[in-house]
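Two complexes are shown next, each including chain A; its partner changes from chain B in the first to chain C in the second.
Let's turn to the complex of A and B:
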């Protein structure tokens, strides 16, 4: 999904901040845009955001660290999210997740050695009537079994 | 000929896009005159991708369809399911909130109007704010987000508050496992959510709104954003709603992966760009909500139900239901179930009828062990409670809750100790951290359940005490209701907590 970018310049970051400044409560939209662009929220972004919104760096960091979505280090090129919640467990989701992590030799939030895939837990994708469910980047998949997961992982180069 | 292939995420997750592509290619190859419509889902997820063909005499259903089936589908030789609305699962529903979902092209405003859309808003525009709020009160609508609070009373509080700016916030954070009604309606009939928010705005005197939509729903985000653009272009949103001279506009805001942000005050903090910690109440969000101003926070389904209440009248809506649970409940049947999906029906159906008859029991064909109703904070209902009618008070009396009306079915291979442990783990992962019984208690809960699993019977009363502490000492229902799944598992399935102990002895 994301290509590794060189360290972003202040100008690039500020250009992503500016369009949101007129919003009521602009911080989450800013962080989403920055993460969508760079694959994570780069260190340099936090003081720039703090300055633009006239809040402290600690406040920005508090927000970045509170939400599961925001990452401070880059993920792999693709992110695979596997649902851990109850409806998926009822259909063998826990075993699927374990097998997947074991096959890749990583734990939750881990990235494969080749940098292709990061695996994240997710708690419900709203696909609970076709469980177990997963999401590869923004693409949803239902009734995932071991064979389907293998095919998905091959597609993203894991 | 019209062919309908859902764009709903569940349909996509089962291959609807590939089927749509195959249809487009095959239609082009044959040079046929076909209009392909990407509709919402009818909610029969076990049949997805469910394709409908209308050759002029009604919509015939086929499903699940694969890309390989497409030539036969177009030849008319593929075995079908008959008229889609005659499929028993669909035929026995009462569709009010979901009347258009799966029927229309979700982003076609003309299609929306042709199926009753905007009639409610036009009626509301002729009413005073007090009359609008009264209509909602008379309908008996209660919040569908979980707490079941009467919507009319909430609106009345905001109506009565004096402020330079008020807000309507649509809670589309839908984090409960086993629930997808919000997602389905946002993907399949987004204008009904928008219309409901506009009516709410007119009712309470708010001119601005937000849809706080979880990031786990990328498809719903796209459809809602597109619908907002179209609504603005058509004058449904903006400074002059349908030429009435009244203003209302809204923005879609994306969540950032925190279950607790579904709690309304945590959600407001997230919207304001703060950590999503829960605020103490009072002050109520109705008086001091977004940016400290009077704010209606309502669930997607609550708001999406408002248009039909105004279209058909409060009495029509209130005539359905049971006791103080008026209208319809948009049930979501999920997990290990033969026929999973969305089932809208008047309150009052019994749990067992729903699980065994409507849903056809488990997908694995094994006996049902338990049904978790109401999401991760809801109780595990054993089969012995299957005669409980679906109503807020009835479920409360049976030690459960309806919540956002998700049902997750489990078969007899399920380890209930494991499910209890998961409930504690989920609470620990998602706790906002504000109260100790939740933040620390959930971690202790996991450890205590692990002790039980190792055969330490003395840990059982400790778990029970801990659950009491969490119930009493938590600010919100994340810490306060996690004891429901835990204690219901322990109470109704003691064998799952005991056999290991005996085995270890």
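Let's turn to the complex of A and C:
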């Protein structure tokens, strides 16, 4: 797996935790900040968060694992999400996804060998009228067919 | 887990506390229940069981399984009965075509992802999923699951990524994710009941799984403390006792009382025939309310351990091997020797030590043996070395030698002071109840040299931790009182009404002296003055204030003074005589309270009546038909001193290992070695038995009838579950010894002994086995005035009349750190082990704690060149030993800490002979020591283990 960032130190993680301690419900804001900074929630962060919030490591694990967007390892430089919900499936989304994964030679949640792209499933982007839909980093794209997907992937360097 | 007997029926949700009652109709029956009750519980109270999976009455309703849906007239849809509170006039239908169909559909989905291996499943016959499938009439499962959690491989032989193999890491139970229905009962039990938060649901949707700890943790590596609450809550075979997997589902149950700590949890011993299958906490136990800890729930294997000695043994001299003999021969030998010693050295040359682990009846008999058969008062008990200052201190101030509350009282507490106690390790079930209250908002003040788990753990944080230097309890407690008095925070109305006002005036003048101020004592105690002031203000003004304390208070040269200081604090703030307040000693052993009550002390007859008192003596003289010596006898340390001097020659020691548990091991060993007849009555060849001439095999709590009295004065029944493996219950052995010495005792059942206790002891006057059978348990005093017992003491006035303030002058212990011994050692307990470890070391509990370690602050370690895990030499002026070091900032610099569960560590070689001024309770908690790197065991440890091995040789009985 590609770890472009050095392993974060306890001090770096703690510095991200500290500003949120006065909040009511600080856990999610902390996790967001950590993911924003490191691209994932490092294993080491969980006990530190548990300690700082006075909750158990099991509880932190429960929350982190509940949200698919919190990553255990950093993603590639770009993330392509392909919708797998009903409307997109009806418009050929499943085939599109299969082709895309096959082309990149990875499975769901996988990252290409050059570290450029991670492909993830998503369940509805709210673009059902333009199915099948996908999202490249923060940009949603409608009516994705094989050609458009190719273009998108080229653009992100896969 | 399914319940086996009707009174344990599961009502689905906890009882509501409201006084207001609500009437509703359920399936045509009118039901009246307290407001706030769930529809499910209301139905259950009317005898109507609504099918359920995620609900159980030990946990708050959760509403996840959707099996308990009902129809309520005038409401849309089908609400879950567990989360719907009753309203007046509500009309509920629990059985209708609609809900039946829904339930069957829900069940179908559950079963589609559950293996159908019921016949070979370890929960067969004890599975709520199975029961509910029956109750909803599941006849067919229409869904062919493509993806499951339970098939290791799919039909084409590929590994199923959703399959997680069984986790067998915990020695006592397994976690089998394949059987899990993700009802979250285990997760909620860990949070709500135990308060450890070791479990969670990881993932979401179909990926949701129960998980111990963090992602990669096993059950054993997680925060799990193995209390068994999750196993208890699990409706399926997912969390299952290994003993049930091995032995099968139990078929009968006997309600009894745990023989470990002073909480005195009620358990159901579940059996097949006389084979104990498991111990399950009893829901109606008033001390534990259905909760348990790893010791009581699982660590009973010592009862059948191969080390247990089942045949009596004798030997002439302690350097000889043991000779197995018949009971008759052993008792004859013992009786002749003891009588011979009395003839040769005088009536007072022999004595007894009663056990705080045996029943009240057994303890009563042993002291009766001393007083009625030996005809002296040489009786003492292991409570001498733990809670004797409690007896003295509370007796002097309040008038009774016991805690003031029941454990339920903690539910009404607003501010708790825990001083010199570590409840999460020593009294885990009480700790769970305390933590529940703390999570609900009560404040906590911890006074302890160590940062115990209560100071900070998941969802628990002490408002103040006062990390005092060992030995300065009195200074700290006095400083708290100083702040309360000088800042005018005391409850004057209470003091004027309930206490002696003149004595209070003297006390107030004394305590107001600036030398007691936190600022003046800060240098001495190491407690920051500002913190101490804040803590005092919180306790005085925070509402119901309760004080819980343990051996960290009593086992000091000023133990009694601290107990008095604590009583003063409670009186000052008006915190006596109602729920949620009080002074509560946490007793170390199961029957410390009882052994004290039963007259084990050399100066007190049963019921704390002085042996010099003619009236009290007359009661027993009439009952026993003997003359009782009016002179108080010898305390344990006096017995040992007298033995070394050559005037004390014979000892009958029941269920206590004084060599390991008493201070200054070398002195104890010398005393025992000087005696001519030491009779040890125990389960195992304990350390004391190395110096014994007669060994009488003991019986476990599973093998006898009797009663234990716990820390809240609750007299709980101990019931015989199986026949004594050694042949006789301990009370029978004592009786046989008494008879061999000429006594005319004819008890055929412990209930007769209790009747004799009731006849002679006013506070037990109303206690007998019928009452205990009927009420489950009673708290003494139980007599004509209080036929139902007394949950709260001193409600309308102190037992002694007016509460008495006594001045508490701090006198530093002689044991202080100096150039040779610059560190202070304090000792304590760990969750998985108990006392000298004779029982718990012989169970799988050793996976958590296989040796005693020395906790030392990293600074102190660094300057001594000690690293984590190093062997270190621990030396005091008494002796030295070696053990491994653990570097931690739980202890302050200058303080080191260890446990005394393992005999090869011999922590008590280190402790000194200083003791409490009033009661001789040894000063275990403060010893000046030095720590240095070491290569291995000390000379004493090597000599000792060689001697122990020699003295444990057993020759088989001659045929």
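Operating definition for what follows: the second predicted complex is superposed on the first by the 155 of 158 C-alpha atoms of A that agree within 3 Å, B and C clash if a C-alpha of one lies under 4 Å from a C-alpha of the other, contacts with A are read in each partner's own complex, and residues count from 1 in each chain.
Simple rule for what comes next: a residue touches a chain if its C-beta (ideal position, glycine included) is under 8 Å from a C-beta of that chain, and two chains touch if they have at least 3 such contacts.
Treat the numbers as computed from the prediction; the structure is a model and nothing was measured.
Participant: Now for A:142: first (chain B), second (chain C), both, or neither, which partner does it touch?
Facilitator: A:142 sits against chain B, while chain C stays out of touch.
Participant: Check whether chain B or chain C contacts more residues of chain A in the superposed model.
Facilitator: If we count touched residues of chain A for both partners, the winner is B.
Participant: Looking at A:57, would you say it contacts chain B, chain C, both, or neither? Reply first, second, both or neither.
Facilitator: second
Participant: Figure out whether A:46 sits in contact with chain B (first) or chain C (second), or with both, or with neither.
Facilitator: Once the two structures are laid over each other on A, A:46 reaches chain C alone.
Participant: Which holds for A:66: it touches chain B only (first), chain C only (second), both, or neither?
Facilitator: In the superposed model, A:66 contacts both chain B and chain C.
Participant: Is there a shared patch on chain A that both chain B and chain C touch, and which residues make it up?
Facilitator: In chain A, positions 59, 62, 66, 68 sit in both the chain B and chain C interfaces.
Participant: Which of the residues in chain A come into contact with chain B in the complex?
Facilitator: Answer in residue numbers: 23-29, 31-32, 53, 59, 62-63, 66-70, 81, 85-91, 122-131, 133, 135, 138-143.
Participant: So in the complex, which bits of chain B are touching chain A?
Facilitator: 9-10, 12-14, 45-46, 48, 174-180, 182-184, 215-220, 251, 253-259, 270-277, 290-291, 332-337, 340-341, 363, 372, 376, 406, 408-411, 414, 419, 422, 426, 429-430
Participant: Taking the complex as given, what residues does chain C use to touch chain A?
Facilitator: So the residues of chain C in touch with chain A come to 196-204, 211-215, 217, 222-223, 456-461.
Participant: Inside the complex, what are the residues of chain A that reach chain C?
Facilitator: 43, 46-47, 50, 54-62, 65-66, 68, 72
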